[in-house]
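Note that chain A is present in both complexes that follow, paired respectively with chain B and with chain C.
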Partner chain A sequence: MTAAAQARARRRRRWLQQSLAASPFVLPSLALFCVFVFYPLVRSVWLGFHATDPFGRREVWVGIDQYRDVLTSSDFRHSLLVTGQFALYTVVGSTCLGLYLALLVHRRLPGILFFRTVFSSTVASSVAVSSVMWFRLLNPGVGVLNYVLGKGGLPAEEWLTDPKWALFAVGMTTVWMNVGLATIVILAGLQNIPEELYESARVDGARAWNQFLHVTLPALSPTLLFVSVVGVIFAFESFGQIDILTKGGPLDSTNVIVYSIYREAFLHYNVGLASAQAVVLFVLVLLLTLVQFVAAQRWVFYR
Partner chain B sequence: MGVRFDQVSKRFGDVVALADFSLDVDDGEFMVLLGPSGCGKTTALRILAGLEEPSSGDVYIDDRDVTAMAAHDRDIAMVFQNYALYPHMSVYDNIAFGLRMRHIPRREIDRLVRDAADLLGLSELLKRKPGQLSGGQRQRVALGRAIVRRPKVFLMDEPLSNLDAKLRAQTRIELIRLHRQLQTTVLYVTHDQVEAMTMGRRIAVLERGLLQQVGSPQDIYERPANLFVAEFIGSPAMSFFRGTPRDTGDGGLAVDCPSISFTLSPAQAAVARRASGAEVVVGVRPEHIEPAEAYGERAAAATFDAQVDVVEMLGNEIHATLLIDSRGVIARLPSDELVRQGASQRFVVAPEHLLFFDPATGRRLE
Partner chain C sequence: MMRTKRRAAFRAVTSLPWYVLLVASAAVILFPLYMTVVDSLQDVLKLLTYPPDLWPRTPEWSNYREAMTDIPMRRYMLNSLIMATTITSGQLATSILAAYAFSFMRFPGRTPLFFIFLSTMMVPWEASIIPNYQIIQRLDWLDTYQGLTVPFLATAFGTFLLRQHFMTLPAELKDAADIDGYGNLRFLLFVVIPLSRAAIATLAVFSFLQAWNQYLWPLLVTNDPHMRTVQIGIASLQSEEIQRTNVVLAGTVIALLPMLFLVIAFQRFLVRGLTAGAVKG
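For the complex of A and B:
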């Protein structure tokens, strides 16, 4: 055996030993991932190729028919549009609001801990609780929102039953739910920016706005990317608040893809079509996240 | 007139960082603020920069009261200890940033940035990000960012402390050259006395928020105002002997300290007699202690026997720690001098450079 081959064999042996030692640590989470992520994923792709009867049984191979149906159906396109709009509302809303709140509580003031806790508290409320709470607040008759608007001389709206407002109202609720996490993450990012950078900028002649533009934003860019990627993923998988507040209505104006999958599978018992939709959704989210990361390389700066 | 501090004080809660600090810095002068950490030197610098507000007192730049002026209006530039370069900007943009903030035309900015880069040898690095530079290069970018604006005053906060010893010595010389070229007022904060002595036209020594002495490097070394300055300046440090003056009968004076006695010249006796109490402190620089065998016939201020405890070889000289009883006193000797580690030898103190301090006030007597 040549020396090179020996070295190769030795390396392979060491790799094997290390893999063997690592496996007990990896196995538990690998098992969970297999049961709850990988298997359902593969199963969904497989189901997408099969038509199912109204009881969710009898699987007939139909090839890519269902995928074609999904991609050409106007309902799905509508759902896609609604989802995109919903993602736009919630990502822009919770990122900007989170940034604003984090900037507010970033400074050191007496009692600031109280406000930090309040601003980040929504992270601890469940989707169901938040939704029920907002259901009350948005109620056209007894809700606080219309009451406040009325005091300000603005017209009352049928927030959840008017197709013009329903998606906006659900989006607002979701922004409220997401803003806690966004605030915490952005605040942590802010506190990592060295104070000297601001001092240097001040001496260099930068006022507050330029400090924000040239010091804060660049330093925060990885954090903002993270918050917006997570926000997009949250938006694409939002279900609870839509189920509780609008059930996809009125007139499908809040029928996001996940909700339409749910309806297809569990109300119409068309598991095959729902699976095809789910697979398409998966590919979409994957692509979108990749696009975000690639686009981000232009302006996100990692230290 | 360059910069003036007028009775500036700064308190952080109960801590007094700077007390009644007054200092005039001439136009174009290289002034070093020197002191141990926590002495208030950086606070003084930050107050001048406008990064910190004084609790009381006023600050002037070019005879203009700038106490209430924001940092960005003061026309100063600062080099920070860790450089504080903008990590996401190229070297070019880092240097140009201050000019852009002042809305200088693009073409003018380009010319100024390239001039500054030329001066500092950064021309090849303009496209790099700070993360791709060595410590010395970053330091130069920080300097470039400061000089490109041609400010009225440069403030430097321990700019060399993150460099290794060799680079530090090199950069020191570059800074001296740069100052000679630009002739701009510099306030330079450091705890390193070598930097202070080599670069400063004058040095302001601070301790615990109080200005101890302002003077040329030579002044400070040869005529320290008090015990703190005498001990802080000079490496190895000056040795102090506390003792009681005794008339020798013939009009002369001797100072008897434990295990060593100094005989003073008439002029020195007159100085030592000015002490307010019964005792006086005698200060001896390490270079004024010599082995008796090499000293010759001249009169010595003191003669003592000591054990040579540790000998440190530095190449051009040696530092010998001598034990007088159990107390260590350091002597600085030319390396060809004969001292043997562990041996008991006789040493003398040369008479010319003795310093006398009042133990009650700490002030040097003269």
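For the complex of A and C:
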């Protein structure tokens, strides 16, 4: 045997040995990902090419038409619009509120840990718990929200049954639910801003507001971007609060994408159409993730 | 010593407006929770009258007893506990193993495989629920604990989080272990895991919270009321038991309490996990 062949045999043996040694460590996860992430993803795309009969049994190949139908149907466009509006409400709401709360507890004061705990406590509240709680608060007749508004001289609203207010009310619930998370992440971002930046600003005689505008905000921009993009992704994946509070109504005014997928697949048994919508959702979330990635590289201030 | 104390007191006084803001904001954030507790202690007729009471005049603690006995809260809590514990232990096991391989072992295809792992984080679970439901249905796993847990036993986020930590352990440890003739498993069990308790705790808190709070998946794969998790339980009671809103709200408080305790007790672990890349669903 030549030296080269021996070396090749040795390499092959080592390759085999290393693979055998690593497989018990990696295979459990990999197998689960294949069965419950990659295969379902491929199958969603495949199902999207098929139309399902009203009993959810027969699948007929309809090709790309179903995707075109989904993208051009007014119902799905409406869902997209509702989801976008919902994302706007919830992202603006929880980012601004989270920033405000994080700034409040960023100061080192006696007892500040207590307030940090209070402000971050809503992460414990699940979507079901938050929604059941808010369903009661939002009750138009005897709920405390209308009572408080009445005390302030504001009109009572039919929060969950008025198409004008339903999405906003679900948004309020979601902002409350997500604000703990936003506060925690933004506070961590604030704590990462190096003290020197403030010192040089102080030497320049910057006032508190200017300091916030020219030091804190730029240094915090990666964190704020992260919180916003995660917020948009959450909004695109929202389901529980819609299911508990409004069931997509009134008049489809809260029929966000995931609720629409759920309704088509599991209430109308229109699996093909729902899968096509699910694929669109996947592409949208993927694009958002990429936007976050590119934006983080380009426009955001890093030290 | 005295001076620092006095300075602290001085600062506390000058920060009075700040404290006013803190207290006011805390009151607003806690108000929904407070009102839920108040309503959960009311008589059911009181809940139907206007104006709403802002504190319980005659607290009825029996609502909580009713929630635990009349409605199947205990069963719901047990189901959630089994589900969340199984998911958490499974995720810890699979991600510790995978993170170990990605940090300490050399094997062909390591880098591409790591990227394949990471790519699963970009697939929203909601986009693949239909085929996943079909899989569970075909396996005849509807209304079972396997159906509730098996799809979640692996986590790319956890693998990533633990790998980040494993990479900070000094490379000399592995060399020393090799010289002492430690195999991979022994090195993992007796050196890596003891040195990574904080990172593992972070992942555990995170996984448990997420699993306990799940909604869409348990809704899909359970029909039998005995298999409902606590989240599905309170949501369905809310629409089924309209005449007993107070008891349903007591159940809601009961469902929230363990997680509130978890979040407060393990706050620093949670913060570490969330700032590494946040997910809540």
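Assume the second predicted complex is superposed on the first by the 264 of 303 C-alpha atoms of A that agree within 3 Å, B and C clash if a C-alpha of one lies under 4 Å from a C-alpha of the other, contacts with A are read in each partner's own complex, and residues count from 1 in each chain.
The rule is simple: a contact is a pair of C-beta atoms (placed from the backbone, for glycine too) under 8 Å apart; a residue touches a chain by one contact, two chains touch by 3 or more.
Here the structure is a predicted model, which is why all the values come from computation and not from measurement.
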Touched partner set for A:A124, first chain B, second chain C, both or neither: second
First (chain B), second (chain C), both or neither touched by A:E196: first
Partner chain in contact with A:N210 - chain B first, chain C second, else both or neither: first
First (chain B), second (chain C), both or neither touched by A:Q6: neither
Which partner reaches more residues of chain A (counting touched residues only), chain B or chain C: C
Which superposed partner A:A219 touches (first chain B, second chain C, both, neither): first
List of chain C residues in touch with chain A within their complex: 8, 11-12, 15, 18-19, 21-22, 25-26, 29-30, 32-33, 35-36, 39, 47-52, 54, 93-95, 97-98, 100-102, 105-108, 110, 113, 116-117, 120, 122-135, 150-151, 153-156, 159, 184, 209, 212-216, 219-220, 231-232, 234-235, 238, 245, 248-249, 252, 255-256, 259-260, 262-264, 267, 270-271, 274-275, 278-281
Chain C-facing residues of chain A, complex: 15, 18-19, 21-22, 24-26, 28-30, 32-33, 35-41, 43-44, 47, 100-101, 104-105, 107, 109-110, 112, 115-137, 141-144, 147, 176, 178-179, 181, 184-185, 188, 226, 230, 233-234, 236-237, 239-240, 243-244, 258, 261-262, 265-266, 271, 274-275, 278-279, 281-282, 285-286, 289
Residues of chain A touching chain B in the complex: 194, 196-197, 199-207, 210, 214-215, 218-219, 221, 301, 303
Parts of chain B lying in touch with chain A, wherever the complex brings them together: 49-51, 70-72, 76-78, 80, 82, 84-89, 97-98, 101-102, 131, 145, 149, 155
